[in-house]
Amino acid sequence: MQKILNDPAAFVDEMLEGIIAAHPGQLRMPAARAIVRADAPVRGKVAIATGGGSGHLPVFMGYVGRGLVDGAAIGNVFASPSSDQMLDVTHAIDGGAGVLYVYGNYGGDRLNFDLAAELAADDGIEVRTILGADDVASAPPERADSRRGIAGIFFLYKVAGAAAAAGATLDAVVTVTQRAAAALRTMGVALSPCTIPAAGVPTFELPAGQMEIGMGIHGEPGVRRGALESADQIAGELLTAILADLPYRRGDSVGVLVNGLGATPKEELYILYRAVARLLDGEGIAVHRVWIGEYATSLEMAGASVSLIRLDDELRGLLDAPAETPFFSQS
Amino acid sequence: MQKILNDPAAFVDEMLEGIIAAHPGQLRMPAARAIVRADAPVRGKVAIATGGGSGHLPVFMGYVGRGLVDGAAIGNVFASPSSDQMLDVTHAIDGGAGVLYVYGNYGGDRLNFDLAAELAADDGIEVRTILGADDVASAPPERADSRRGIAGIFFLYKVAGAAAAAGATLDAVVTVTQRAAAALRTMGVALSPCTIPAAGVPTFELPAGQMEIGMGIHGEPGVRRGALESADQIAGELLTAILADLPYRRGDSVGVLVNGLGATPKEELYILYRAVARLLDGEGIAVHRVWIGEYATSLEMAGASVSLIRLDDELRGLLDAPAETPFFSQS
Amino acid sequence: MLVEAVARDLATHRDELNRLDGVAGDGDLGLTAATAAAALLELAPSLDSMPEEEAIRRCGRELATRAPSTGGTLLAFALMAAGKAEVGSEARPTARAAAYLRAAADTIAARGKAAPGDRTMLDALLPAVEALERGATLREAADAAAAGAAATAAMEPTVGRAAWLADRARGHEDAGARLIAMAFEAAARETTLGA
Amino acid sequence: MLVEAVARDLATHRDELNRLDGVAGDGDLGLTAATAAAALLELAPSLDSMPEEEAIRRCGRELATRAPSTGGTLLAFALMAAGKAEVGSEARPTARAAAYLRAAADTIAARGKAAPGDRTMLDALLPAVEALERGATLREAADAAAAGAAATAAMEPTVGRAAWLADRARGHEDAGARLIAMAFEAAARETTLGA
């Protein structure tokens, strides 16, 4: 296990200590494993909470900041945080205008966020929930609500965060973020496994020369395993599945996210984007803006995902709005 | 070779096509493998040029933008660009106030940039040069001018770019950037090799369970190879060498860069930073600001480096100035 | 003490549970089990002084805080419900266990929206509960749980992470079911030894 | 034709040169050699019609543009200088070669700030030049280059990337020196065969 760490059991807490030490002006930890904006709660603003297992930076606490989310509950590597932590975050960020939970569609997170929402309601805080469920590889359209949430959640944070920052009501934030979620699709490819520090061995095997199309960001099974293909072929396979699913059509305007899973160099992400751009151009789909880099990782897994979100004027404005966190900045 | 690419021989050109396709409003390519700000030349502003081999994104063209550098000449993976390319960049960015070359201290780059500077002078453009030579592991202090340039060059770009953006003269930009270079030290550790796409096999072997302290960002030999140690021990070894070299002293104010080499997750970088912060605190050295992430990579190499720059009021102001490129944004 | 025996045993199966969970899930159930075990071992001394029901609920709350993965949270809900089950105070130990575990199984089914045959913990837990309800010994219940876990190797997963690529799971037991079988086995062994 | 023969041969040693360069440098000299070879092969047909000196300079300019690594750039400078060397037009081929290559070696030494014994290309090139200056055949010069390259395995590197961790290099020939030896070997073989 070629990792820079001390005690694997302290991985999450030491990482959080490092983050708080590095960015004291921007982030604080009001309770164990609960990370919020230093200036939270922002009075009168709808607050956005997220959270989930560790190992995906900048997901989750990397999106805590201006124009994005207000707080995140942080679990062990690939494991849900507890409902207590989520409740701690909820109380720390509640500015009196309601709280929106935006997180990925995984069993443990749902059980715990749902319980936290009930407990928060008991405390008089109105909580609404929107799930990231963008991975087209994880279930067919007829079971779309069981899909995994992967890198596309970045767009949900961006839309919800910009709407909330602009002063929208909880209902309005929910409505526009739901529209974003409905217009969003992602699919990825893995080229190597990753190792949970406390486990010490890779979660699964993926022999050299092979790839797995559609693998989840915790190593969950994809749709097919086969010989590693060219960037152009990979882009073709991912986009074919994504485009057909919504479907995206000639004349659509989209935002594109090419996300690296951890070990894949940015050089390769741009080679992949080159192929994506050509294919979209061929389909008559206009690219409004692109984000390329590591937006949702899986420790040191090699691989990438492509996300598309279909845009209207309101969504374009929200995606273009400024945002600033210690991990992401856009002006 | 678990890489997302097409023809390895087209790696660099396809990556550049992807970058230009992704960021047409911010970057353009006026000649082959010459990347400049879309709005270059900026009339009356001192222009900053850089360049070197590919495989280090965001080094080099990731720093082309507002408040940083104006253009970059891009070579094959780990190989210098040609003097022609450097001259093309120089002509494309020259705004009439002179050009500063800032690049890493490597033989091929020096030979070619020096020739380009001579040719530019023939064309009436005043060119000055500052080398990044921050790697304390690469030579003892008495041969400091033969040291390799590694991740610390980010600070040189930031300082030179901010000074130039603020309207400083070529002499003034050179003076302050030289002061930054003199106050800057870096040292790194590698936990895995990387593979040049066209070579197809790793440049060197580094067995699991081993690390190499002081390795260069192209796999050049470090100062010692041994059993992989804890994050705290690694931080101790890197900082001991860095602090003693300048030396940094109690009461100093520093900027800190914890840089990932490619495959090392951000989680680990923050665990490393936690140790760095404690050690600096123990030494009575104040951290003004930190940058943590991938600032100078070595393809998919695992590992990290730590850079310190000693600051005065002017340098603090320049490091804090806003900057924006498709790869780096700070407001 | 039963909690300690089960916790100590589960911790030894960390890597096996990780491996099974890695076949179709995210390879961390062993870590969750080890974390839960450590939490319960810390808690155990304080349980002695509590009434049985309260001790069970307390274990559930501990899992909810310390091991909040899917499996851990479902077990937490299950124990919290078990500790509220209607149990005749006169009842024999296995009858009490049957009542607690019926409540636990119903809660997992409800919260997890899972049915028998869905390739989950339930497929090991339900056979054991039914055996206890029929008056079986803990030893026999443990065997029923093991058989139930073994049967999951042939089941199509339809819930949880494993549902996403059904094929890869086939031939391997569900990790959560295995964990339940291990817990029963450890409990049966402890009860026999202690008897 | 000599350029083509040498270029074709060098391309076959890509992996060996990468490996040698990887011992203490960045493992890309084979790639540089292969790129340079491809560039020279493209260029070769146009060289036939040029005077010898001009063809040599043209090869140098091609390397400067297409293979601008440390090794490639030094060779580019070397060839550009060689093509300007004072060579009696009456001189025999090996005497002309001696004059060209002396200019080349001097340029590498000057531009690279390298001296004999520094573990560089120079340590293969100089022995060959000296042999030619003593009237040796190209075959003998190639043997001198090979011996010079072999000797680099015992040298302390002091310039270039290899200087950074001297120990790792010991026992391995310098990659650039090996490349020079290979080029002489290919040239000698071609000249013999062609003779």
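Labels for the chains are A, B, C and D, by order of writing; each one numbers its residues from 1.
We take it that a contact is a pair of C-beta atoms (placed from the backbone, for glycine too) under 8 Å apart; a residue touches a chain by one contact, two chains touch by 3 or more.
Please read all numbers here as calculations on a predicted model, not as lab measurements.
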Touch-connected components when chain A is not counted: B, D | C
Between chain B and chain C, centroid-to-centroid distance (C-alpha), Å: 53
Gap in Å, rounded to a whole number, between the CA centres of chain C and chain A: 31
Centroid distance [mean C-alpha coordinates] between chain D and chain C, Å: 72
Inter-chain centre distance, chain A versus chain B - centres from mean C-alpha coordinates, in Å: 29
Shared interface positions of chain C, touching two or more other chains: none
Two or more partner chains touched - positions in chain B: none
Chain contact topology (line, ring, star, complete or other): line
Pairs of chains, among all present, that meet the touch criterion: A-B, A-C, B-D
Complex contact set, residues of chain A against chain B: 1-6, 11, 14-19, 21-23, 54-55, 57-58, 62, 189, 191-192, 208, 211, 228, 230-232, 234, 262-275, 277, 290, 292-294, 297, 299-300, 302-304, 322, 324, 326-327, 329-331
Chain D-facing residues of chain B, complex: 75-84, 106-108, 111-112, 137-139, 146, 148, 196, 198-199, 201, 203-204, 214, 216, 218-223
Touching residues on chain C, where the partner in the complex is chain A: 15, 18, 22-28, 30-32, 34-35, 64-74, 77, 111-112, 159-165, 167-169
